[in-house]
Every structure is written in C-alpha cells, then in structure tokens.
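Presented below is the structure to which this report refers.
We call the chains A, B, C and D, going by the order they appear; numbering starts again at 1 in every chain.
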Amino acid sequence: MDNVTVKYVEKPKLKNSIFIEGLPGVGNIGYLAAEHLRDQLKAKKLATIYSRHLPSQVIVEGRGVVRLVSNELYYAKHDDRDIIMLLGDAQASSPEGQYEMVDKFLDIAKEFDVEVIYTLGGYALNRLVDEPRVIGAATSDRMVERAKKHGVVFVDGEPGGGIWGASGLLLGLGRERGIEGLCLMGETSGYFVDPKSAEKVLRVLAGLIGADIDYSELEKKAEEVEDFATKIADMAEFSAESSKDDLRYIG
Amino acid sequence: MDNVTVKYVEKPKLKNSIFIEGLPGVGNIGYLAAEHLRDQLKAKKLATIYSRHLPSQVIVEGRGVVRLVSNELYYAKHDDRDIIMLLGDAQASSPEGQYEMVDKFLDIAKEFDVEVIYTLGGYALNRLVDEPRVIGAATSDRMVERAKKHGVVFVDGEPGGGIWGASGLLLGLGRERGIEGLCLMGETSGYFVDPKSAEKVLRVLAGLIGADIDYSELEKKAEEVEDFATKIADMAEFSAESSKDDLRYIG
Amino acid sequence: MDNVTVKYVEKPKLKNSIFIEGLPGVGNIGYLAAEHLRDQLKAKKLATIYSRHLPSQVIVEGRGVVRLVSNELYYAKHDDRDIIMLLGDAQASSPEGQYEMVDKFLDIAKEFDVEVIYTLGGYALNRLVDEPRVIGAATSDRMVERAKKHGVVFVDGEPGGGIWGASGLLLGLGRERGIEGLCLMGETSGYFVDPKSAEKVLRVLAGLIGADIDYSELEKKAEEVEDFATKIADMAEFSAESSKDDLRYIG
Amino acid sequence: MDNVTVKYVEKPKLKNSIFIEGLPGVGNIGYLAAEHLRDQLKAKKLATIYSRHLPSQVIVEGRGVVRLVSNELYYAKHDDRDIIMLLGDAQASSPEGQYEMVDKFLDIAKEFDVEVIYTLGGYALNRLVDEPRVIGAATSDRMVERAKKHGVVFVDGEPGGGIWGASGLLLGLGRERGIEGLCLMGETSGYFVDPKSAEKVLRVLAGLIGADIDYSELEKKAEEVEDFATKIADMAEFSAESSKDDLRYIG
C-alpha cells in the first residue's frame, strides 16, 4: 500500500475543468456545501482515495457495514466546463501528510485538465453570527476581482492566521503549478455544524460556476440546527440567568 | 531492522483460515477474549512481530526477565477451518504505523489462506453496564445477517465515531483485499478491565466459529473485578454520600 | 515535491559571504531585526523555500491574495563580504524537519561561499526588561572574543536550556561543516513582540558586519508596542490593584 | 546527513567488551553513574553520535561556545574485558527514533565485540526514599541470578509498566541479536536529580564488572542535593504546617 492510493471507478475525458474541494472543517461548511452541490449536479463517483495520512479508522454505515476512512472524487459534465469534486471523511492528520495528499490531488487535477480550484470552508468568529458573509482569498488579483462581483467579501489581512489544511494548500501548491484558485469561507460561530453558512457559500459558488441549485434540503438542515441552538440557548438562559453570553441573540 | 519484523516459529500449512484479532484496547476486552480462546484451543505460537511503530519499551516478566514489546500470532487446527490469532502488548502509536502494521497482518493472512477476520474489542458507554451486549459491525450485509443469528446487536449508526485502530483497519483494509470481516464489541463502562464483557464477546465468537469453550477462568476473573468495583463503590458511597453516581448499581 | 524545495530567483556570484538568519521565534526579535536589515540593505530576493516540514498553511496577504507558507532567502552585495539573509513565515514543526531544513540551508550556504553565520533571536526572561542586553553564544572562543568587543554579553552557562530551532542548529550543524557562527539573543519578557530588543540585536550585528543602518522605523514600532504595553499595565493595575506584578515598571 | 551519524575519534581494537549505557532519564541516575565511572576509569572518547531523532538544539557550554546535541561513546581498556560507555545530552524524541538509534548502538556494540550490556537508570517511587535499593531486570535467568549475588533486587512483575527508552530497548533488541543484558534501576523519588541513588547503582555495577571506584565526588553531590531538599522540606513545613507530606522524613 502506497502512502496515498487512488482507486478509479472510471476515467472520463474532462475538459477545462473546475475542481471543488469540500473536506470536513470548521462548522463542516465546506463539506455540506460540496455534498449538496454533488447531489444537485447528480455527480458520479470518479475515485476513492485511501491514505496512511488519514485517521486509522473505519466508518460504520447505517446498516452496520464498515468502510475505510477515505476521500472521494466525483465528477459532473457541466456546460463548457466539467466539474470535479473532492469530499471525504477527514483530512490528513500531520502537516507532512497534508502536503503529500494535496500534491496527489493536484496530480489528479492536472490529469483532468483542471484550470480553476474552488475550496470551501468556514471562518470561525467565536460568537453567534446572524447573517454570515462569505469571506474570500484567492491566488491572484484577477480572481479576487471576479469573486467580488459575486458578493465575496475580502477583508484586509483576514483570516489573519492564514488558511489551514487542504483548503489553503490546494490554493498555495496549486498556484505553484499554474492553477488559479479561490477559497470561499462562510462566517460561522464555530460552535455548531452550520448549514445556513454552507448555503451562503454554495450560493456564491453557484453564481461563479453558473449552476442552478435547489437549496430546500440545505435550508431544512439549517432550520433543524437553529431549533436546536435556540433550545440550548433557552436552557442556558434558564439555568444561569446571570451568565451573559450571546446565545439570546439567536432567532 | 525493518519497520515491521516478523519472526516465524514455524510455517504450518493452513486452509480456509479464520483470523482473530485481540490486541489491547477498551476494557482490554479483545485481548482477554482472544487470550482465553488461545488457551482453550491450545493454540501454538506461529510468529513474533516487532516494530518501530510499537512503543519503545520492554516488558518485565515475572522472574525479572525482559522481552521486547511485540505482537504475537498463534494458530490452531480446528475442524475444516484453521485459526490464526493475533495478540500483543500494544498497538502502533501513530496512524501511519497502524496502517503499516495492519497491512503486514493482511499479507500474513493472505499467505495462510484467511477468508474471514474477526476483530474483538470493547465499546465504552461511560456508565456502568449490568448486562453488556455485543455490538457488531461487518464488511458486508451477508456478515451482518450471519452475526445477528448469533446474538450480535447492530445499532443503526453505532459506534458513531467509527472503529479505531487495528480492530477497524483489519476490516477496512481487509475488505479492500477481498477478505470478509466482523468486529465484535462488548459493551463496557470504560472504567475497568472487563472480563465479564470479554466472556460475552467470546461466547458469540465461539458460536460463530463453532468452538467448545470452558469459561470458568474468565468467570473467575470477572468476579474478582466485580468484587473490586463493589469495594470502590462502597468506599465512594461512604466517603461522599451526596455524590450521586451510578456505582451503587453494581451487584 | 521534495521534502524541501528551493526555487531560485537568480544565482548571483557571491564571495566570502555572511549568512544571517531571522526566522520567527521568541518576541519575533530575530525576524524583526533581519527584516529591517534586509530593507536597509535593499537586499534582493535570492530564493523561495517550500517544505512539507512547514505548517500546512497559506498566508493571506493584504489584498486577499494567498501564498504558500515559505522561507525566503535574500542577498546583498556588501563591501568585501556579501550577505545572504534567511527570513520566513515559520520554522519546521518537528525536530526531524528542523534538521532536514537546516541541512539544506547549509548546502546553500556552502554553495554561496558562506564563512560566518549570524543567527538572531530572543531570550525570554519571563519578566519585563527595561534595558535588554544582547546575549551571545558562538561556535568558537575566537568568535566569543570578537563578539564581546561589540558589546555582546556571555553569561556562564546561559541559556541553560540551550538554543532551540534554526538559530541553534545552524550553529551546531554549521560547526560540523566548518562554518563559524554566532547567535545573538535579545533579552525580552516573552510577553510581547519586541522591536526594542530587536533594535539592540541589530545594532550589535551592524557593528559586527560593518553596516550603516537607520533605525527610525524599528524605533517607531518599539514605541507602538510600549504604548500598548503601558495601556495593558494601567488596565491591569486598575482592575486588580492587589495583584503585584512587574507591569508597573513599564515606562 | 543520515538519520544517525557516527563520528569516530578512533577505532580501537576491543575484545569481550562490556557496553554500559547512561543516557539522561529518571533522576538523571543513569547519567550520573556512567559519568562518574567514565571519569574514574579515565575512559577515552570513541565517537560522537548526532541524529535527527535528537532534539533540534545546541548546548551552550561554560564559556559561551555551543555544540550540537549528541550522544557520546567512550572506551576503557579494563582487565580481560574492555568497556564501552554511552552517555549523552538526550534520548530520541519519538519511538521510531528510539528504535533506530538503539539499532545503531547495537551495530556498534557488535563491531566492538560486546558480550554484555548494562543499562543504568532510575525507578521513580513518587515518594521520598531513604535507602534506595537497586532494582534489576535482565535478558536471562542466568543474568538475574548473577545480579542477585551483587545485591540487585528483583521484585516480581516490577517495573509493572516495563522499561522505557534506551535502557529498555538495548536489552530487548540486544537479546534479539544474541547479547546478554542487565538493567540496574536505582529507586528514587522522581522529584530531584539523585546522586545518592546513582552511587548505589554504580556500587552494584562496579561489583559486577570488577572495577575499583572512589565515590567521594558522587557523595559530595549527594550531600548538596540532600541539603537542598532539606531546605525545601523546611520551607514547606513552615509555610504549610498542615499539608502532611513525606518531606519531613528527609535526614
């Protein structure tokens, strides 16, 4: 077994492709957005990726059947630009592993003629967020300008701590290999899984790639989380009237 | 010295083999069950496995003699299916090490014609458990159905966090190499070594592989632990009447 | 991608060179001093260094454009000795990574005829420091004597814990490869970024390499930090009159 | 640079050699004992060992001169058995590093005809120890019996947690390569550097290898530590009469 193993389901011929990354991260925003897009585009499985850099773990699926932790690639034929999507259970656990896996993702991207990479994630503000904005960072001024036209906000010097993990490295290493990239980060509290912020991110992405999306499933998930958060907030308010946190601002 | 070194004691000819893993883990359940089975089947030493991925440690045995931390393989001729068992002092300490060691275990399994893998472990509930059930997860629906007939419980989406370490990877990587697998997890508090839960796991396994086992040794160990736990519970109740934990439910 | 990748911008011919390291560390002193020297000497970019041993991160620059975390080399033609400077976003995250990266830095140093290495850093005293001294450590008695003439203080057996990271290894591994070295450590509290201490370090270095520096930019930064620290001290004094710390000694 | 680099000072011809390890560890006992033996035997430098598995650090020596963290080998001609000693600043920081370094030590041991390995260390009891005993663990019953005649105590199943690091691995891996070994562990509190316990260990070792040692230097160090510990104990007793610890049993 190699450090990173790619098992192709098929090898379609793709052209002028777009690569979209939605691995787990802050608020699970990138994953939720990418998963929803995959379902809406009826994307097909391209490959399964196993790696020693992923956790040494199997996932137990609904009916008690296990499968190895993996990353997965999907593809969809889409207008004049084809789409490849990267989803998965986890990211590499060490910096060295991150570099090696992202390097492999970029090998694959090159093979399928990828010209632009969009990476999706969350931006934790450590406070509740009523109307999450979509913060951006890109590999070039040209991409920044293009993103601004679709409502992406660029805040000078943010995120101050840079962008960690696959969402950052795909842009950084991709740029070194001549691929343009844009990272879309939905603002989020960092306390909950955040489908509401994921929806915002996906709406921006849909504009950028010209996709027509039905958001009702994501909206339903967002309501469930909001109900849950409100209940927690009520309980917190009840049990500790004196502790002044921001939770009451929900709803 | 290679990363993983296998020292064979002998190289028997085995056919249609079953591979049983019982490395240390939650409540030491897998180890206790596998150790008891090994003794009951009078299994013989097949190989000792050393590895840089194991802790840098020697074990001091009863009379003051040391031996390197290791994993060990045993085998037993058993009806129409031979049995290989994996026990040991520890599991690999890093994810990368886990993948490399399990890969080697599977090489060995292939060499000895292994067709099914059973991995044994515990499932920590973080509360005292009166009547531990045996929770299962498997590589196929067929295995799930077979296990159900022997009393294994499949709870939808559990364990939610997946199965970590060798018990999980042997199934996940084994499945990729065409070997069926079933993980048996005895429910346990997670507070103590749990021979009672180990016995439950072993009874299920014995049914699955058709083995005739005398459980009196395991039962004796279970009573010792129960006595100990009851004493701790009494002391806790005495010294802190007000702290309401579940310990009083023992016995 | 190799473990360490060096991308040269140009390959100048340098002679009898001096190598100056200012990677991030305690109080960011080494970085601040090296950055200021680079600007004052109008040093030119020599190479960008990427590595798997650096954090898996991209930096977001002012206008929203990302670049991969890197180390960077600059050079300046300077009297009879040319100068190479090493700055960067981060140091390697593991000991193994540190050794591998510093080894590569020394390969480069050898290639450009480096004869002396100066490494710059901070020495945390865990208390506020009014007049930071510059503590030294060197690869030979000869270097110690030379440094003393420029005001460097050598305290017997300090730093007691040795010198960690690139500032230490460049001297230790450099000495093994026949390159002289001196580490200059500005005393600092360890609580703040410390441009004042950086200035002290740079003044000593300027004396050693015979450079003519305008310090006004560094002095301005030092004042800003001092203002900030004074405000924090006032707030601390106000809100907790009773907690007797050293903060009131500021200003 | 290799993962482990051995720089020989000379390559003496040694026969029927004894290998003595005294790397830093619990109470620094192994190091203190080995260092004292080295000085008493006027052992000469054999080799310096550098490694990426050691901390990325330089040590600052008395006069401000640095040297790379290292392990060091010494040798002494001694009756009919020659002696090799291993001292150093630190042990490898990862398990994998420990295995790789100890493997290299054993290569060297084989090269110099080593037949027995003595490893020296401390055994932390987490309470003050008036009369430290020397606990043993060995690679064979024969070694256990021999050690008992020199006053080494073998407590059934102790140390229960095994022996970690180089002191353990040298025996465990050495045994696999046909070298006998004995580990001598001086009982100690674990709170202080413990030259008194180191002296006990060295007295046992001196008996085993037939060496004639003057212990006055070690005894002086032991008194200094005892004075210091007594002062700490007095202060503790004074400032907190009510906290009943064992410190008053000193002296």
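Just so we're on the same page, contacts are C-beta pairs under 8 Å (C-beta built on N, C-alpha and C of every residue); 3 or more make two chains touch, one makes a residue touch a chain.
Everything numeric in this text was worked out from a predicted model, so none of it was measured.
> Between chain A and chain C, two touching copies, which fits better, same or different residues at the interface, with half of the numbers shared as the threshold?
Comparing the two copies, chain A and chain C contact each other through largely different residue numbers, since under half are shared.
> Rounded to the nearest 5 degrees, what is the angle of the rotation relating the C-alpha atoms of chain A to those of chain B?
Roughly 90 degrees of rotation.
> Taking each chain's centre as its mean C-alpha position, how far apart are chain B and chain D in Å?
37
> Taking each chain's centre as the mean of its CA atoms, how far is chain B from chain C in angstrom?
Distance between chain centres: 52 Å.
> Name the residues of chain B that each touch 2 or more other chains.
none
> Under the stated touch criterion, can you name all the chain pairs that qualify?
Final set of chain pairs in contact is A-B, A-C, B-D, C-D.
> Taking the touch rule as given, give the residues of chain D at its contact with chain C in the complex, in rising order.
Residues 1, 50, 52-69, 93, 97.
> Where on chain A does chain C make contact in their complex?
Listed in rising order, the residues are 92, 95-96, 98-100, 102-103, 136-141, 144, 154, 156-160, 162-165, 168-169, 171-173, 175-176, 181, 183.
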